[in-house]
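I'd like to ask some things about the structure below.
Chain lettering (A, B, C, D, E and F) follows the sequence in which the chains are written, and residue indices restart at 1 in each chain.
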Amino acid sequence: MENLLSLAADNLVSPIILSFVLGLTAALARSDLTIPEAIAKAMSIYLLFAIGFKGGVSVAAHGIDATLGLSLIAGVILSALLPLVAFGLLRVLTNLDHVNAGAVAAHYGSISIVTFVAGTSVLESQGLMYEGYMVAVAAAMEAPAILSALWLISRGGGARRMDSDLWREIALNGSIVLLVGSFAIGWITGEDGLAEISSFVVAPFKGVLCLFLLDMGIVAGRGLRAGRGLITMGLLGFGVLMPLIGAGAGLVAALLLGLSTGGAVLLMVLGASASYIAVPAAMRVAVPEANPSIYLTLSLGVTFPFNLALGLPIYVSVARAVTGG
Amino acid sequence: MENLLSLAADNLVSPIILSFVLGLTAALARSDLTIPEAIAKAMSIYLLFAIGFKGGVSVAAHGIDATLGLSLIAGVILSALLPLVAFGLLRVLTNLDHVNAGAVAAHYGSISIVTFVAGTSVLESQGLMYEGYMVAVAAAMEAPAILSALWLISRGGGARRMDSDLWREIALNGSIVLLVGSFAIGWITGEDGLAEISSFVVAPFKGVLCLFLLDMGIVAGRGLRAGRGLITMGLLGFGVLMPLIGAGAGLVAALLLGLSTGGAVLLMVLGASASYIAVPAAMRVAVPEANPSIYLTLSLGVTFPFNLALGLPIYVSVARAVTGG
Amino acid sequence: MENLLSLAADNLVSPIILSFVLGLTAALARSDLTIPEAIAKAMSIYLLFAIGFKGGVSVAAHGIDATLGLSLIAGVILSALLPLVAFGLLRVLTNLDHVNAGAVAAHYGSISIVTFVAGTSVLESQGLMYEGYMVAVAAAMEAPAILSALWLISRGGGARRMDSDLWREIALNGSIVLLVGSFAIGWITGEDGLAEISSFVVAPFKGVLCLFLLDMGIVAGRGLRAGRGLITMGLLGFGVLMPLIGAGAGLVAALLLGLSTGGAVLLMVLGASASYIAVPAAMRVAVPEANPSIYLTLSLGVTFPFNLALGLPIYVSVARAVTGG
Amino acid sequence: MQTHDAKRVEITIEAIVKSRLTDALVDQGVTGFTILPVLGGSGRSGEWSRSGQVSRASGMVQVICIIRPDRLDGLLSAILPVLDRHIGVVSVTDCQVLRAERF
Amino acid sequence: MQTHDAKRVEITIEAIVKSRLTDALVDQGVTGFTILPVLGGSGRSGEWSRSGQVSRASGMVQVICIIRPDRLDGLLSAILPVLDRHIGVVSVTDCQVLRAERF
Amino acid sequence: MQTHDAKRVEITIEAIVKSRLTDALVDQGVTGFTILPVLGGSGRSGEWSRSGQVSRASGMVQVICIIRPDRLDGLLSAILPVLDRHIGVVSVTDCQVLRAERF
């Protein structure tokens, strides 16, 4: 417990978290501080490329163990099932209609790669190892949640349009392609490849993450200001409870798979985090009736900061206690 | 004197200055070399974040001494008084009306953070230390000049509109928020924080500064071409004289405060430099009648290159001679 | 031969090539992965600045030898003559009219700086030295091809408009100015300058190159999809044959000049590569009737990947065999 | 100067369905259009701005389509299914064009 | 296709007073508008271009506002105070819109 | 509100000849115009998009020019030589402006 508190305190004074706080504060105070759209996209491309590449290199270095395939399958299952839990919870805690509830549920089954990245940072500062292929698990968890949420929504009436555009949106969206592609590049080129570009993908990584979180703070703050009226106590409760449930599910899966402590933390983070890039785009295409302010504010304004500030230290402490790592 | 000349020569052959010269030359020769707006903004965000953060870390490392508070107050006073001097000088040397003279004066009371950054580069290459909190002094000097210039203008007739938008523009403009915010982050996270992101905020810093100065050279060159007709001998004289006066005032303040040699140089630089980001924006809101070509050309096309090429070595030499550093 | 194969294999598994392949694949699969225009421009500015600067520093370090001037002249001659060869070859292999054939020919006389950069990467990984002024030769080869192609086109009827805009477009286009300017900065500031900014221009260089090639892959892939119908077998043959001819001409020139093995490789690469930045822009101004899809698809979609994947190892092997390096 | 009557259709629509919209245009035989970026806006679904956004979920574009008057109805019917499901605005203006044979 | 008369107001104005302008619009009950980025331009105060600028002092945006004809006068009077002090241009065009109930 | 008749000319043209076009405008005495960025488009020469492009060879801009009706013919003749050689589209719309003395 003491451990958890000191970890939480340590976590809160990292430049990464404080950058998010700065952005959030600036936006809530209505400062005109903004990051140009092209730069925000560039930083997200950089982070995806770097995290994918490093994951691939780590797999090349440590070899594939039997659990890789099983972990991917576990990720897919988690991603597909968590929306059902989220949907049920939303129907209990809030009065969202089934379309909006389904759209929100899709976000919580899927994952936030930035939360994942922040998790790896914490692990590194704690000296905890993790399986390199967790990046591939993250990629695998992006899409299944979308399909199961669309199924939930269509059950409630009104057939969803699953045309080829939507399939392409889901399967070939830029962030998945980049993450999987750079993972493959890292795997193929291995340690030699890393040596060539490590002063690009490793050295400045945390600094870029700071600026990216500054931007996320700004966007979240603007969203919270605009969505003030939308976020009821029920939604707020959901936004804090659901990540804990997702983390719990991730922990169970990790124990069944026999992952390392670090790997368990990351699977908890993946379960706990909610998408704010890929899923919102898919929902605009497939379920335009759903209100984007609800799912964006919830995912970016509530769950993301919760995971960043409190979730991460909790997941690390619990995983350590349970796995004895 | 010899020392000054060799310093000036050294200064002129740095990649930073030459990058500015390259941009200036390209624009004057009407090359189509341009830096996209989003990239220029990103570089300025990077520079503000890095300089603020490093300043904060340095305060965390060396502790606050009694002069911090006094230096902030001195900065505010300098920023508030210099516009009065500038205004008087403009009325003597030029025939600008009181609105345009007031708008120009606001720029010279405020500061240019890029000139400040170039100053810290010179100090580092000379091995001179400086107080980390000078960054906070820079931030404190951004705004007071605006208020005193608006007072000057309103004295001349026509009440200025000081509505809430303008207050927010002045107090919460992005560059101040970012500078102060990253200073706070640096202060809180200290050397540990720096260790985490130094390969982002320290290592590539000078290189980014080169590209940023390339862009400033381009913008200044385009401004000079467009503003050819506007810059009279009187204005030119003002653009060179005023920084010397501002540096003198900064030196006096530094001696009274008992700053280190490096700190004295930086306070001179702050006094000498003219804003080209925050103040122009505030003037467009508060004094739209003033002609932006005049103040932008003067600040960016005359005073900025003067400080960069000649001012910096002069200020270093004088500060060394006076403080014996 | 064995050597060539292993070199080719090594080359193919570098992160640089694989990033291009990733971009190409994503675009062909119609993924929405894109790099914002401003970021693509910024990366190209960074690469030009870094490569020019490093070339200049290397000249400052090793001094100018007599062959510098001769190499520049050789480059100009190569650039001026290769379009004639290309034009003839196009008239034999394809049924392009003389306007389109001339426009394509201009691209092959000129050079691709990214191919050049990829060439220097291969040389470095092979431990081969090269003359630093090859960057200046690259700059000298950008423009002459345009003039000789315009002469070819005007011979076929319809006077070309060589007005001052076009001259400026050719002589002062941003990439030449930046390359020559940063070369000069590197030359003037020398090793000292490099020490100041090497963690910007050297350390992250290859990583940025990866992302830039990712973008080039995307653009090439989109071009290939759009230009499917345009690329006949004849054009394809030209796109592969012409770089070999250009490389041959480069090799002969290198032997006459007595360049090092690495220098010979780079002159081969310059001969072999086809412009895709400067020349397309000049052609739009001077020969708007020519179809940009033809020359862009050929240069970016056929010759660039050919050089990257197969050309480079071939040129290195041949140059080693011939110069005994 | 000889000019001809035409219609200028300006469609402000979510960026994410841009290709759905242009596909509908092309299906209808409308192959000429220009796409402008949109910085931000406000409507019944609130205010939004482009800066800092990473997701493609928010963000709109403006598609401009100049056509011969007699093709207007076909165009509007073709795009209506896309517009019906997604937020967006359409305006049609009378205009004059040079070189009518291009439209 | 059933269309309705409307007015398309296009206001090119300094970016820095954008929120002042949109506040004036919202105060007047006009909550629908679209904002386009502007790359550069030229007018009585000379030529300017966006590239490389860091300061928000230069730079303009174009605010497009489609409204029912009877609301035009109110809108114009609401924005005039902002326009009077700042450089900028306004044009009003007759247009046709689908789904008039939205305006 | 007192408004005046004017013409709104919108020229979509290759970015690379932008300065050629604006020089032609200025020569003709037309010193007021606004330039909008263009993201992409489609026409007889196919579809294109701005993203990822480095070369200035592709890419278009939209030049908007509001003028007094009697100056339209002069303007069109002035820009025709540029338009003739380069791809692009021109539309002219009737509009109303405030403060006619500025145009």
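Some points to look at:
By our rule, a residue touches a chain if its C-beta (ideal position, glycine included) is under 8 Å from a C-beta of that chain, and two chains touch if they have at least 3 such contacts.
Chain identities (UniProt): D, E, F = Nitrogen regulatory protein P-II.
What you see is a predicted model, and the numbers here were worked out from it, not measured in a lab.
Separation of subunit C from subunit F in touch steps, taking the shortest path, is 1.
Among the remaining chains, those touching subunit C as well as subunit E are B, F. Counting only chains that touch, the fewest steps needed to get from subunit A to subunit F is 2. Centroid analysis (C-alpha atoms only) places D farthest from subunit B. Averaging Cα atoms per chain gives one point for each, and the point farthest from that of subunit A is the centre of F.
Centre-to-centre separation between subunit A and subunit E, using Cα means, comes to 39 Å.
Computed from the mean C-alpha positions, the centre of subunit B lies at a distance of 45 Å from the centre of subunit D. Counting partners per residue, subunit B has 32, 34-39, 41-42, 169, 199, 203-204 as the residues that reach two or more other chains.
Contact with two or more other chains is made by residues 36-37, 56, 93-94 of subunit D. Pairwise chain contacts present here: A-B, A-C, A-D, B-C, B-E, C-F, D-E, D-F, E-F [touch as defined].
Of all the residues in subunit F, the ones that touch subunit C in their complex are 14, 16-17, 19-20, 45-47, 49-58, 85-87. Interface residues of subunit D facing subunit E in the complex, by the touch rule stated above, are 12, 36-44, 60, 62, 72-73, 76-77, 80, 83, 89-94.
Residues 36-39, 41-42, 45-46, 49, 53, 168-169, 172-174, 177-178, 181-182, 184-185, 188-189, 193, 196-197, 199-201, 203-204 of subunit C are the ones touching subunit B in the complex. Against subunit D, the residues of subunit A that register as touching in their complex are 34-37, 40-41, 44, 165, 169, 215, 218-219, 222, 226, 276-278, 280-281, 283-285, 288-289, 291-293, 296. Taken together, the subunit A residues at the contact with subunit B in this complex read 13-15, 18-19, 22, 25-26, 29-39, 42, 125, 199, 203-208, 210-211, 214.
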